[in-house]
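Labels run A, B, C and D following the written order; every chain starts at residue 1.
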Amino acid sequence: MIEAPYKLINREYSNAYGETSTHIVKIGPVELGVEEPVFIAGPCAVESRESLFRIAEQVKKAGAHVLRGGVFKPRSSVHSFQGLGSAGNEEAIEALTWLKEAGQAFGMPVVTEVRGEAQVELVSQYVDIIQIGSRNMYDQDLLQAAARKKLPIMFKRHFGASIEEFLCFAEYIAAEGNKDIILCERGIVPVGKGKNFTRYMLDLAAVPVVQKETFLPIIVDPSHATGRRDLIRSMSLASIAAGASGLMIEVHDRPEEALVDASQMISPAELKEIIGVARQLRRIAVK
Amino acid sequence: MIEAPYKLINREYSNAYGETSTHIVKIGPVELGVEEPVFIAGPCAVESRESLFRIAEQVKKAGAHVLRGGVFKPRSSVHSFQGLGSAGNEEAIEALTWLKEAGQAFGMPVVTEVRGEAQVELVSQYVDIIQIGSRNMYDQDLLQAAARKKLPIMFKRHFGASIEEFLCFAEYIAAEGNKDIILCERGIVPVGKGKNFTRYMLDLAAVPVVQKETFLPIIVDPSHATGRRDLIRSMSLASIAAGASGLMIEVHDRPEEALVDASQMISPAELKEIIGVARQLRRIAVK
Amino acid sequence: MIEAPYKLINREYSNAYGETSTHIVKIGPVELGVEEPVFIAGPCAVESRESLFRIAEQVKKAGAHVLRGGVFKPRSSVHSFQGLGSAGNEEAIEALTWLKEAGQAFGMPVVTEVRGEAQVELVSQYVDIIQIGSRNMYDQDLLQAAARKKLPIMFKRHFGASIEEFLCFAEYIAAEGNKDIILCERGIVPVGKGKNFTRYMLDLAAVPVVQKETFLPIIVDPSHATGRRDLIRSMSLASIAAGASGLMIEVHDRPEEALVDASQMISPAELKEIIGVARQLRRIAVK
Amino acid sequence: MIEAPYKLINREYSNAYGETSTHIVKIGPVELGVEEPVFIAGPCAVESRESLFRIAEQVKKAGAHVLRGGVFKPRSSVHSFQGLGSAGNEEAIEALTWLKEAGQAFGMPVVTEVRGEAQVELVSQYVDIIQIGSRNMYDQDLLQAAARKKLPIMFKRHFGASIEEFLCFAEYIAAEGNKDIILCERGIVPVGKGKNFTRYMLDLAAVPVVQKETFLPIIVDPSHATGRRDLIRSMSLASIAAGASGLMIEVHDRPEEALVDASQMISPAELKEIIGVARQLRRIAVK
């Protein structure tokens, strides 16, 4: 009898993956889940065609494999910029087109977030990976709608979720017949009275724990976890040393001008240095 | 200059409510936000017409004002019963019809949860209050879609959300021109190593805090907060003593047979006793 | 075989208390654990003989049963006032003498906190209850040293502790042969990003949970839990409605002049009103 | 005007350390705070002279610099083994003597925990570093008593403490004129409903955050943080990649026979492999 609340993604109930092998998610020419870590980079939000192309070119040169860019932005305040996607249907299509074209221009698959079911159909026509953001982790209807598009899903842990819950909801995606799930740790709510000095608390033990529980690959997003540019390098290296299959990092060529989350953007030059060091670390850390 | 991240629902920026008065939400003949507390009761999930009518009759006799019943159930496991709404469109319509008819038969407005944007249009045709569940608190697109129906919204705090975040997302509803928002405290994630003996941790200070920050009424759901039948009475009375404008309590006439959350259901007789004592408490506690 | 990590205080392993009766802690003429709630009140810190006597007289008139006053104050900053006890041995003796005399003058047993083992011998000569503060909950050597004095122990839950841990450490006191333990809920660390508007998060479900797990009485400290004068009334009433055996409330006749925690002090007049209402609530809430 | 609650250890208020340099703590011939990471290893508890010597020899060969071994064990249950120190004064002296001798025999300074003020005088005569455990972080009297011994203090973060609180209490040690403080991150209480699969949640961002706030060195204890032997390697490597000045790891030559925390002990062979890889990682990760 199967007692675990997640079964389809459970290493123990699978015959194909043994005790340590990882399901490899293929995104065009990119393979995520292999020894070599995958780097996903780009601006928090797509702001303009020009700026996106400029950043895409630079992150590609820095060594990134996948281009990210938010079109529909989840925001805490209704009075903040919600991404071009929320400006209207035409603007959404325009921003998604820029993203797709920037990816093609520089040879990178692209990923963007769907924030609600109504956006799934549209977004799926432009991207190579559909992202489910942290705030939507529990949104089972959205998960199912996105899963049915048969594209790889980048699935971020909710900041209030245990690892068990995270995997239970990944199971919703697998139950639609889609096992191309890229799990993403991005920090949980801070605990304690007083300051912790970071936006969320990065739970890096989630990386090896998830790898023991499931055969799905897991990456880390140090940008949203820390919210601090000056911590991205150390948390990126720690993630790779912990065994993460990749990193998603927010990059802007003019960080101080970014419309969203300016404080956590790093420059393309910093990205390049991190990717270089991270690759060396991986080779040494792998058992 | 307005600095608070929520403005439309902020007591400080409103002229109409002064320092203590509450926005009264009218649900048919029921007024929520007045001195007399409102009791919302019914089964966790709508299971059958017969069972729903039986329970509706009994909670009405026990003193309840509003009938609740889940049609679309958010569940942690994709392998669990998801409510009749997830069985198909016909089943959803049937369950919603039963709910509406049970409400009419026993003179109670009704409330049910929408779990995703795709359900808003349908659900809004059958209910008097649209519920946004805890797991969807951050789902801004769903909030906006529901708000536009111009029905009162019962808006539950996410179990990982601070009070500030809770109010920031209520602001999404208000920004659509809908101020008939009923806030609902339902417990946050437990802290600490070892057992806390309840499902979530009920944060009752949220009641007076919310009343000072906003003019919106706030109720408490002790059923989901504790997950324990034997704690419903004490937490219900504590909520009313703390100043809550109402309670939402799960009731089943055959608790042990309930398809969902059987361990937290109380009987109609217990409900009646709680309502009686709660009303007396309110009269004494009011300053 | 006994599997619970706490046995001596476990309701299930006791023959004397049945399913609902509470161990009554006798503090001179005061009985804590009976139906009638006990009120413990006084300043956060003993500041001067004159001020202490003035406050003692007023809290007695307001209906308080036990006088509190801190001599050794646990503080987050080494640069803050640490209580008269930390000023030197002579000052500690003086402050403890004032406390004892104020109690005698107005017919109230007294309670003060011991912050370290070195203070136990001295403090035990002056007080009727020894308080172990939240920060020392895990300090097993201090617990044992205090327990051996055979005085009632007021034992506060640590703000990072689960209820199970709280009871495990109460067991350290009981294991010294001292069952006169008064448990005290005083709030746990807040969860979530953004403001919760209170110092800690009061976990009122701890009251009925503890009463089901153990036969020991439990009281609530709304002053430290909220840190806000304007929330003391509602949280006090909620605590009594939840079944607490008493309350510990910080009172100052000139709140704004208090050397420690000024923002959470209420006046003697407010205390009187709260005690009056709380007593009425208890009579109605008791089943 | 100085506004930070910690000043003496604050990088900003110090002239000696600039923006990045670390205070080097000298422990006999060992320097902690330099580029080369320091490894502290040994059994959770000192169990017997023979077993301790056997383990000491092996951890030394594996590359460890400092020997650890608990004599006074903080335990959640009064009914569990509390370390030889709690068996009586003679047993405490015996266990401390073994520890000192094992250190001398294999050329390693030694560290053990003091759990209460009464143990400080005795322990300080036998060890090179005094450890203040997680549960005693808030125990200001113990901190001051230990600090006055002028030995280096290994100071572990409480599992319910924010980083700000952690540093506020380190300030208590510094205020006694003792700046030889080794901070230690060892995990905080897990958040979320459901399983997280580790004992605590390792907060690795604490490493770079602490390094920016203060000039004190910080190490990581992956053993208590995870409670799982199979996660020690990945979390050790992640800690070093994040910039930690060292690691404290529990090692036993017969892990399954350990009297305390058997599930988190690794073997000397595993330690050796981790130390080897960690040193390589450090050289690459250093900027």
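In this section, a residue touches a chain if its C-beta (ideal position, glycine included) is under 8 Å from a C-beta of that chain, and two chains touch if they have at least 3 such contacts.
Quick caveat: nothing in here was measured; it's all calculated off a predicted structure.
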By label, the chains that touch chain A as well as chain B are C, D
Chain pair with more C-beta contacts, A-C versus C-D: C-D
Chain B-chain C separation of Cα centroids, rounded to whole Å: 34
If you average the CA atoms of chain A and of chain C, how many Å lie between those two points? 48
Taking the mean of the C-alpha atoms as each chain's centre, how many Å separate chain C from chain D? 33
Could you list the positions in chain A whose residues touch two or more of the other chains? 76, 159-161, 165, 168, 189-194
In the complex, chain A touches chain C at residues 76, 159-160, 189-194, 199-200
What does chain C use to touch chain D in their complex? 5-7, 74-79, 82, 115-119, 135-136, 138-142, 145, 158-161, 165, 168-169, 171-172, 175, 188-189, 191
For chain D, which residues count as touching chain A in their complex? 160-165, 168, 188-198, 201-205, 207-209, 212-213, 225-226, 230-231, 233-235, 237-243, 277, 280-281, 284-285, 287
